[in-house]
Structure formats: structure tokens, C-alpha cells
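To keep things simple, chains are lettered A, B, C, D and E as they appear, and every chain counts its residues starting from 1.
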Amino acid sequence: MKRWLALAAVIVAVALLPLLLDPRGYWIRVFTFTLLFAAMAQAWNIVGGLANQTSLGHAAFFGIGAYTSTVLLLKFGISPWLGMLAGGALGGLAALVIAIPTMRLQGHYFALATLAFGEVMRVIANVWTSLTGGPGGLSVPFVPPSLAAYSFKLLRPHAYIALAALVVVTAIFEIIRRGAMGYRLRAIKQNPAAAEVIGVDTTRVKLQAAVISGALIAMLGTLYAQVAVFFDPDTVFGIASISIRIALIAIIGGVGTAAGPILGAFFIIPLEEVMNDLLSSRAAGLSQLVFGVILISVILWRPRGFITVFDSLRARLSRSGAS
Amino acid sequence: MSKHHSLGSTGVNRRALLSGTAALLASPFVLSSARAEAAPVNVGVIMPLSGPNAQFGINSRNGIELVADEINTAGGIAELGGAKINLVVADATSTPTTAGTVAQRLITQQDMTAVLGAFVSSLTIAISEVTERRDIPLLTMSFADQITGRGYKNIFQVVAKASVIGKAQFEYTAAIAQAAGAKIEKIAIMYEDTAYGTAQANGLRAGAKAANVEVVMDDAYPLGITDTTPLINKLRGSGAQAVFPVSYLNDSLLIIRTMRQQKLTIPAIGGAAGYVIPDFEKGLGEFAENVLSIDTSNYDLAPQLTERFRKRFGYFMVHEALEHAVCLEVLVQAIRKAKSAKAEDVAAALRGAKFTGGWINGMTGGAVQFDQTGLNVLSVPLMVQWRAKDIVTVWPKDIAKSAPVWRS
Amino acid sequence: MSFLQAILDGLLIGGVYAVISIGLTLVYGVMGIVNFAQAEFLTIGMFTAWFAWAFLGLDPVLAAPLSFAVAFAIGWVVQGQLIARVLSAPSVAQIFLTVGLLIVIENGTLLLFGSQFRSVTTSYQTISLSLGPLFISIPYLIAFAMSLACGVALWWFMRASWFGRAMRATAQNPAAARLMGIDTALMYKMAFALGVGLTAFGGAVILPYVTVYPGVGGQFVVLMFTVVVLGGLGSVAGAVVGGLSVGVIQSLSSLFFPIQLQNLVLFIVFILVLAVRPQGLVGASR
Amino acid sequence: MSSPLLDITQLRASYGEAEVLHGIDLSVSQREFVCIIGANTAGKSTILRSISRLVPKSSGSMRFGGVDLAALAAHQIPALGIAHVPEGRQIFPDMTVEENLLLGAFTARNARDLPARIADVFELFPRLRERYRQLAGTLSGGEQQMVAVGRALMLRPKLLLLDEPSHGLAPKVVEEMHQAFKTIHERGTSILLVEQNVELALDVASRGYVLEAGVVTLAGTAAELHANPAVVTAYLGL
Amino acid sequence: MTMLDVRKVSRRFGGLQALSEVTFSVNQGEIVGVIGPNGAGKTTLFSTLVGLIRPDAGTVTLDGKNLAGLKPHTVAGLGMTKTFQNVALFGESSVLDNVLTAGLLRHGVDAARSEALHCLDRVGLRAVAHKEAGNLSFPERARVELARALCTAPKVLLLDEVMAALNPAEMREIMQLIRSLRDDGVTLLVVEHHMRAIMNVCDRILVLNFGRLLADGTPGQVASDPQVIEAYLGRPAEAARR
């Protein structure tokens, strides 16, 4: 009960934040992208955390979502909200298609096969110029602001939509984690043979997780497209800009937990910004270098993510309480 | 221009090292001049300073810094009571979304008169989505067609569009060949599959079609290709009389070297980028001699100005440095004209007026004038040719510094 | 004939792919870590060779041992100080530690050496042998020969030297290796240093036809992964088979498809191979 | 008898939080052949693994010829003259028999008598001579066990630790192994054998310990244990 | 009534014939012990029965259904599951969650939870329900595994050395539990090294040696079978009584 109250308080506090930030300003944009990346990492977390399949190709589904809604909007004038649903369906389908050949791959093989799939999608987007605009990218046209058209002049509504997306994806993650599927995924992660023997259909559960994760991240691709307004194949299908980054966010925060991706996003995204702000004009490469050093330090300090700080804190508290 | 365009570069490594170290120690705003009485004019400079395009970003920044320093040393902008130019430099990285965020940050943190950037077309487009909504003028030398093709009011493109450049690349070549008594009937196009490569290839194709010339090979190849042998094998079999490679430095060296290895001597006419930087000659030595390339401006059009760049940075003023210098020159002239550093006043002053003099002498038209869409209508591409470690403007005739050499 | 030429070209380039990738597979084979920063040691090797060329007048091919040594030293420290600390951590932590290393090395070289593209000029750069209608590019041939020499040297080291044997033993069964008196921590350092050293060596021998700049590793990183996974992670023979296959697939695909699609073809082949043989072409099924 | 070669007192060892050895006292003298028998999971292997320092969490004293084993790392143990044939053989499957044998002499790699050592192994296990260039992983179970034992002998150890060497082998091969151990012992090597096969163990060893759930419940000479009905009962419940 | 029927099941691993034409059948409600020296093929037999290992030849029929080609989760659904010799718990999950996961085979989460608690009661582990499974002692972990198998509501339960490392009192409890399961109609196959326990609790004993079925009979018959004693002790029967 107390936990629910605390959670509600945090959500309300975060919900108030956009009101305090300049709606045309910089921090609300950073805030919006932080929320979006938190939601993306959370969607990744369903596969990467609960099923323990470290996908490095989630940009594939993300890009499908961004392109689907934007192409539907540009070619047929379909609202991005509907485009988002279509993108989610396609993203889920793509996740299914790639999950079938890669599912029995273990660990690093899975990671690298998914990475290759992300690249396949990037090349296709680059080549299929008639549909995607090719390497020149796509701009989301600016139409009069309205919720139905998913178009706003200011960033505040985008921030709220991103927040809502994060809450929804986190809720889905929690429902899965606490529900039958969560138990099954944890069982598969820890001992697939034992899971099978006690009746877990490991193939089916893994496919379900892959499809849900792929569909969610594709839908988030639409949100990203609407906020960023312009994107090209490298932006939404990028290995470094999307695939690795969202996995990194979840891992730095603490993989497999609902709080992990959120902690990770609120660390990584603002850190990148602060580094860029403070150091990028001093010497080329310096800001990225310092970012890399911080990243390494954090991984050495907390190989299982920030979330473990709370665990050890709690352990220390209970120990001192006991003594 | 675009994703991969030319880069300046080079040579003096020790100097680069030293300046790097100095920059590290210095404060972020090295150029903000000391105690000016009038409020400084803030100009955002957003360039890719890390990642694959860092080279171009740094060249561009160098050009801008040179001009800003000169203006500030000369007493700033008299019309604003000697206001100094305060460059606020930031790294656009290689991700458009980040570039947009950086633009938002600069605009939010300080009152910006204008933003300059960002060399790579996709980054420029992303920045323009922010500057347009905040009514801040954005001056650029990126040359994707989309930049001025979206009906935006606050974007100003000082060079010709990619499709125009591509078309010129073909047409100038045909003219040069004709002047030498040769006739081109079959050509080959090869380009990297970036916004820059594809857009320029479109122009080339259009030019060839208009001239009824057969394109016997038309191949895009992936950015970052590490082996061009398949391309050259194909070229060898195509029977083309001239090849138009639109590529980056690495690819340009690979392409020319592999052609030499396979004893293919047909003329190669580069699409700027890798073909117009000092490293091209450094990498190829004698094989660079007489290689032609299209370009959007060249330092030999205003040698007395561009020598100052060579003196300060140790390499010739590559075109993105020159064109960004022109961007700042035009901006300052607009500020003087508006007698205001307010973004909307400056934007109004930029529209329609004709700017001449100063660094603008380095542009082909000798002047800059933006049309409704923000495109500089006076800029035309030019053809350069490598002559003993320098690139010389050889076409069009009226601005050529030397006659073109054509060997087929 | 163009078919033969394509195969020949593919093999030549594939040999080089093999040697730069062997290091990656060696590191994985011995300690089970996928090193995302591996390609950055290619950059380090290329820079070393470039500086040796620019300031000492050394041909990059001759500077290759120097590149090897520099990367070996850096690798030794990196393994001992960084990687060793996460050997028992979850594999994702290991992966992302090397991602951090990638960022640091790429931007460190940018900071130190600047962003310009550097290339070398050598006398043999634009020469090729004609073999009937076939062309054999000399720089490619030299790079291939050096790669071959390097591969043979590695093969000899792994087969016939005590440390090579000890390293293989560590890879196959670390606990049993300790029972033989093998210091596995030392072997890990050696394997990592040797692995990145080989990649750096490969960087030096391709310098005659590739330009070096801080981001050059990024051009090769996905290719390297494809090579080792296609061949079978952890298998040195697999890296050779994988390298040659990737070279030939790329080269042949350009006969039938637009060159733009060569990586698409490659990745689709890659995913299909994994779907059928999850352990790669050469990897043992375990 | 002089002071023992290997002297273990109050050895405790744990995996994770579970303690599997609860204070073991055990010793092996020079040229002695000692066995540890007991049911699965009684902790027999853990004793050997503790001696070889493969169990990170252990306490108590382990002295070998006066050297404190607890102060050493696993890879430093063989140099003292302790060779360990682990449970399940643990040969290097992708290496030849030759390489496996050579690795056994890794800490003695500068010795000049390696060919002689190999010859000794061949004398004991002639079949390995035929298999010399073959990958160890392709051998039959019995041959693999020969490789594992031969590999350990390459060290010319003072003490040989044998962990379940008859596990999963055909009776004929077990008999061969049995003979080999006798020969090794006769040549002067002390042996500590962990064995589930009581008969084999008590036949070859001169002294034995019976382990149950991490505790030594019986100890004595082989003959004493052989005659003790409790040992038979523990195994067959007859 | 025959519950489980095994016909000529064979399986090779490389050079090792792990199972060779093993044939037997088990009636509903029987408790059948499977014994044999290490490496005799007992664990392989269990893995083959539940579908973790495909037999090279032979058929397995459960309650009239041929299990050929079925995956373990389907076999579990049909009512047969096993425990693992070296205990294969979900070590980072709580004891309750381990057992609950098995309950999901036939129930929703809430029903599975109460079913799981019930199963924990039966093995006497309710008190540690919320502990992390990996932190339990070995005997406790074996009992968690037993509870987990129980929670799939099996018709046939294969127990692989669940009594290893138990003290006599604990062993008696488990034997009690095995009997009560039989009384509930569950058919049990038990691999065990504690001879006294297995002779005591089983109706019938199968003896495996080198993948072959050596003997099949009552505990009394088997214990006096000279072949068995020789296989087991490595010495002739007379010597065993020396």
C-alpha cells in the first residue's frame, strides 16, 4: 500500500515537471527524450531483462514504427495515432519473423544475429527510396496543432505523451513480470530444461515476449518521429544511436527490473547532454571521451546496474536495524 | 552539401596537436572577446565535432572562427556600438535528433541572433526544425535539395543545391571535353548511398539524360565501403568514356588507385567531397594530377582572403570553411543593415537583399542573394582540377584561373 | 571470367578480413567475451603505422610488427585493469564495458590526432599483376600475404609453443588448465593482448589502401562480427573460413545484385547460416 | 612413520552458502595409497578440489611437505608435485593426446626428460601410443581416462589425486586402471583416491576413509574397512 | 492398469550406448525404484521419458498416449514430470516462485500460488517459502524441486536422487511423502543411491547396468540377484557376505 502511494507521488511529481519547464525550451526536450528512451529501454527489457535475450537489433522494430506512421501520414494523410497502431503491428510481425530463426541462438550469437537484422533493416530503408525517401530522410510535415493529428507547436504535450507512454510500457512490463508470463520467462532464463519439464512451453513464451517487445518499441518509434520531426535511416535504425543505446540504458540502470530502464535513462540521456554542453566546444571528442570513461567506471562499480545501489542500501539498513 | 563532403585537412600534425591541447585548456568560449561595452551578438555554431564527420565540422568551425576573430579585432560591429561576435560552439554529434536538441539548448540558454551549421544535410535539417519554430535564422552550406524545399522562412542556403551541382558536374565535363575536341557518349556514375551521394547522382543522371548521353553504369555503394574492386571491375566492363564518382576521401582514393591498378585511364570527374581536399593529393601523389572535380567554391577565387586561413591553420581553405566564412559574413552584413541583433530583424534583412564584398568574393557569383525559399540564387558550381598539389578553378570560363586539361 | 576475378578479389580481401577478425575470435575463445572495442585496435594499429610512415619513413607493411607491439601493450593493460574485473559479471556488463572502451578509444584518438583522414603513399599502391585477363592488386596481395604469414605464425604459436598450448587449454577448460599449473589470469591477458595485437597488425597491412581517421574502426566493426560469428565464435579456423567467405560473398554478390546491397546479401546469408548452424560454419556443436 | 606428506586438519569447505565439508581430518604419508569412499554428494570430490585450491571458500589447515596450501593459488599447486585427475576426466578435447600429455608437464616444461616421461606413460598405457596424434575428444571413455591419468603422471608427482577414475568405464577397463594405479604406487608415488566403487578402492588402497554427508564416519586400513559390515550396509542397505 | 509403458528404448551418445533396448512397464499407483552403478543410464532414462532427450529407437507410452516427438512441456501437460539429479532450481527466484511456476501449468497465478503453498506444506518447506532458492541447503533444495514437480499435478513422477544428502529423519519424511503420493494415485519412479531407503519404499526395482535392464523384480528378488550384486559392488555375491 505504502509502495503504491510512493509510486503515485513520484508519477504526480514527474507529471508536474513539464509545467515548470519552459515549453519552448531545451530541458523539456531533454526531458521528453529521456522519457521516450526510458520507455524504449523498458520495452527492450521485456526481452532483454525478463527473457535474458540481449537483443542488439531493436532499432529494426523502432525504425519500422517511425517509418510506418510517417509514410502513412505523408502518402495517405493518416493520423500518426493510427499509424502508430499499424507500426506496432508491423513491428510485432518483424519481431516474430526474426525471432523464429534466432530463438535457439544462445547469448552472444543471439546478440550478434539481432544486430545484423538491425543492419538489414537500415540497408533496406536506405535503398527503398521510393517509400522511405532513402538516405535523405523524412520530415514529418507541420500541420495545425491538434491532438487528433498528433501535432503540437510546443513540446509540453509531447512530454505528457512520452510520460504516458512510459507509464503504459512500464505497466505492461510489470503486468508481464508479475503474471504467469513473467514467472515463465524467469524460469526459462534460469534453467530452460527445468522450465520445459515442469510444463513451460519455452518456444511460445519467448516468441510472445519478442512480439510484445517489438510491437511496443515500434509504437514508440512513432512518438520519436513525431517529436524529432526529421529522421533518416541512420537515426532510427542506427546501431549506436538506438540499438546499443537502449540496451545500455537498461543495463546501466538494472536489467529485468521496472525501475532499471528509468534510472538508466535519467542517467544516460542527461549525462550525454551535460557532457555535450560543458565539453563539446573545448575540444573535439572530449565530451564523448569523458562519457565513455564515466560509462566504464559505472560498469566497473555496478556491473548489475544502478538498481543494486538500492539493494545494498536496503541490506545495510536492515543489517544495522537488526544489530 | 552533405553528409560527406569535403574536408580540409591536414598536414601539420604537431600544430593540430598543440591547438587541440590549447583548446582543452581554454575556456569554452575562446572567442568571446574581452570586455566589449555593447552586448555581444550571440551566434550559435553547431557542427559535428565528433563521430565520422568531425573533420568537416572542425574545418567549418575554423572558417567561422577566422572571420569572427577578424571582425572582433577590427572593433566589432560598429552599427551596434562595437558589439563583438560571441560564437557559441556545440557538437552536433552524428545524430540528427541530438543536433536538434543542441540547437534547442543554444537557443534557450542565450539570445541567439542566428545559428550556423551543420555541414551534414541531415543534421542541418534537424536543426532547422527547431530554428524554424523559434524564428531564428539558420545559415548553412549543406546542399541537400530538401533544405530549402520545405517552404521554411528562416533557413538560408548559400550554395547551389545538390541536384544542380550534380547536373553541373556532367554539363561542365561535357563542355570541357567538347572544347578539347572530344565527344562523350557513355558515362558511368558511382556514388555512396548517402543523402549527398544520391542527390548529386540524381543531378548527374538528369544532366546526362538532357544531353542524350547513355549512362552505362549507375551504381550506389554502401557508405564506408572497404573494397571498391567490384565497382572498378564493373566499370571496366561498362565501356564508359568518363566516370563520375561521388564519394568520400577513403572511397575516392580506393577508386582512383584501383582504376590505376587495372590500367583504366578514362577521366574521373569527382563530386567534390573527397576530391577537393589536400589529403586527396597526399594519398595519390602524381596520380592526383589533372583529376577534375565539381565544387561549390574555391579558395583561388579570393586568394588574398583565403591565404589568411592557410596562415592560421596550415592548410588551404577548403570549401566548407570558405562557405561557412561566407555565412558569417552575410550574417554580419545583415546585422549591420538591420542595425539590430534581434533574430527576426536579421532574418528580414537577410531576405531578398544582395550581399557583396568581403568574404563573399570567394563565392562564384561574387554576391549572395536569397530567394523566397532561402536559396542563394547567385551561386553556381565550378570545376576544379588538380595541378601540382593545388586545386585550380578551370570552369566556367568566366571565372577560370587556368584552362582545363582533358585527356581521354 | 568476371566470375573468376570476383572469386580472386574476394579471397584476397577475405584473407585480410580473417586476420583482423582472428583477434576477436581469440579473445572470445579464451575468455568468452565479445570485445566491441576490437575494431578500435585496428584504428590504433593504423595510426601507429601511419606515424611510423610519416616520421620514420617506414613502409606500413614493415611497421606492422610495431603496430602489433603497441596494441599488445595497450591490450595487456586493458585486460589486467578493466576486463579482468568483470570476468565473473553478467555478460551484458562485459559487452558494455567494451562499448565504453570503444567510445574512449575512438574519441581519445580524435582528441590526440585530430579528425583528418591520413593515408600513405607507397610505390606499389597503384600496381597490379596481370594474370591473363585477371588483375591482382599488389597492395591487396601484400596485405593478403602478410595476413597469411601472420595467420601461420599464430597457428604455429598456438600449436607448438608452451604458451600457445596453455592458452588453448585455458580456452577449452580453465579449471583443468589451472590443475596443470597454468596461470589462467596471465593467459587471459596474453590472449587479449595477442588478439588486439593481431587486429592492429591487420590495420597496418591494409593502410596502403585504406585511409585512417578516428572513426575507421567503425567501418569494420560489423564486418568483423559477421566474420567471426559466421565462422564460429571462438574458432580461429572459423575466423579464417568466415573471413574468406565474407570476402567472396561480398565480391560475388556484386555480380548479381547492386553493390549497394552487398551488405544486405551478406547479413541475410549470415542470419540464415546461424538459423541452420547456430554454432557457425566451423564452430563445434556444443 | 615419518610426518605425513599431506596433512589436513579441520577442513571446512562451502559452495555459496552451503557448507559441504564440516571439519575433515585426513593425512597421506610418503608412498602411501589412501582412498576416500562414500556415497554421491558426500563431499569426496570437494576434499580433492580443496587440496588443489579449486574451492574458493575453505578453511582449516592443509599442509603439503610443510607448505601451507591455503596460501597458494590453484595454478601454483602442481609445481609442488601434486597432480590431480579430476572427476569426469576433464581432458582438453580439441587437443591431441600428445598435447594433453605435454600440458600435464606444463610447470616442468623446461625439464629435459619429457620424452622419457612420455615413454613412461606409454609403458603404463600402451594404447595411448597408437592414439598419440589423435584428438583426445574422439577417444573412447577408457582411453580418455588414460589420457587424464597419463597427463597427471607427466608431472612426476609426489602425490596423485584421483577423483572417481572408474566412473562410467567398462569392467575390463576398470581392471586395467586398477592395475595401472598399483604400478604407479609401486613406482613410488603417493596416491589419494576418491572412489565410489568400494571394491576397487579397498583392493588397491592400503588405508581408507569413509565419508558421509561431509563428515568422516569411519577410517582404518583397507582390510579393516573391508571387513566392517557397516561399509557394505552403507552401500547396499542389505 | 498400465500407466507407463517403455518399449525397446535405445539412445547413443557418441561412442557410448547410454540406453540399450530398455523395456518395462509400470502400473498406476506403483512405486518403482531404478538403481544401478554410476553411469548406468538412469538419468538418461528419465530424461528420455520426459522428452528432454529423443530416443534413437523405441516407444514411450503414457496412459495410452504415445509420447514420440513430444516436447517436455507437452509431456508435463499429459502428466509426467521429473526432478533433476543435481537439482535444477530457478536459483534467483524465491522458493514459492519456483513452485508457483509449475502450478501455472494447470492454474492461473493466484490459484497456482495457493497450490504452490499447499505443495510446500507437503514437503515441509512452507517456512522458507520466501527465501531465495539458491541460498537453501542442498537437502532443502532437493525438497523444493520435489514440491515443484508435485505442483504440476503429475500422474507419473520421476524422482532423481531426491534423498541425496538427507539425514535419516529427513529421509523418513520423504519416504512417507512418497507413500502418501502413491495413496493419492500418483505413480512414482525413483532413482536413489540410498539402498535401504529404496528397498524399503519401492514395490518393484529395476536395475540398470551399462544402459541395459539387468533385473526387474521385488526388492527381495533384486537384492539376492547375484548379477546385481556383482554389478553394484564389483565383486561376486559370496564375497559381499564375506
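Keep in mind that, in the parts below, contacts are C-beta pairs under 8 Å (C-beta built on N, C-alpha and C of every residue); 3 or more make two chains touch, one makes a residue touch a chain.
Values in this document were obtained by computation on a predicted structure and should not be read as measured data.
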{"item": "Fewest hops from chain A to chain D - one hop per pair of touching chains", "value": "2"}
{"item": "Chains touching both chain B and chain E", "value": "A"}
{"item": "Furthest chain, CA centroid comparison against chain C", "value": "E"}
{"item": "Pair of chains joined by more contacts [C-beta pairs], A-C or D-E", "value": "A-C"}
{"item": "Distance-maximising chain from chain D - centres being C-alpha averages", "value": "B"}
{"item": "Centroid distance [mean C-alpha coordinates] between chain E and chain A, Å", "value": "44"}
{"item": "Distance from the mean Cα position of chain B to that of chain A, given in whole angstrom", "value": "36"}
{"item": "Distance from the mean Cα position of chain D to that of chain B, given in whole angstrom", "value": "75"}
{"item": "Sites on chain C at which at least two other chains make contact", "value": "107, 110-111, 114-115, 214, 258, 260, 263"}
{"item": "Two or more partner chains touched - positions in chain D", "value": "none"}
{"item": "Interchain pairs in contact, sorted by label", "value": "A-B, A-C, A-E, B-C, C-D, D-E"}
{"item": "Complex contact set, residues of chain A against chain C", "value": "48, 54, 98, 101-102, 104-109, 111-113, 115-117, 119-120, 123-124, 126-127, 239, 244, 247-248, 251-252, 255, 283-286, 288-289, 291-293, 295-296, 299-300, 303-304"}
{"item": "For the chain D and chain C complex, residues of the former touching the latter", "value": "52, 54, 73-79, 83-84, 86, 90-95, 99, 102-104, 106-107, 109, 151, 155"}
{"item": "Touching residues on chain E, where the partner in the complex is chain A", "value": "50-52, 71-74, 76-77, 81-82, 84, 88-93, 97, 100-102, 104-105, 108-109, 112, 148-149, 151-152"}
{"item": "List of chain B residues in touch with chain A within their complex", "value": "3, 20, 23-24, 26, 28-29, 49-50, 54, 57-58, 88-91, 93-98, 100-102, 104-105, 107-109, 121-122, 125-126, 129, 133-134, 144, 146, 150, 193-195, 197-199, 220, 222"}
{"item": "Residues on chain B engaged by chain C in the complex (per definition of touch)", "value": "7-11, 13, 16-17, 20, 24, 50-52, 54-55, 57-58, 193, 219-222, 224-227, 229-231, 233-234, 237, 249-250, 253-254, 257-258, 260-263, 277, 279, 282-285, 287"}
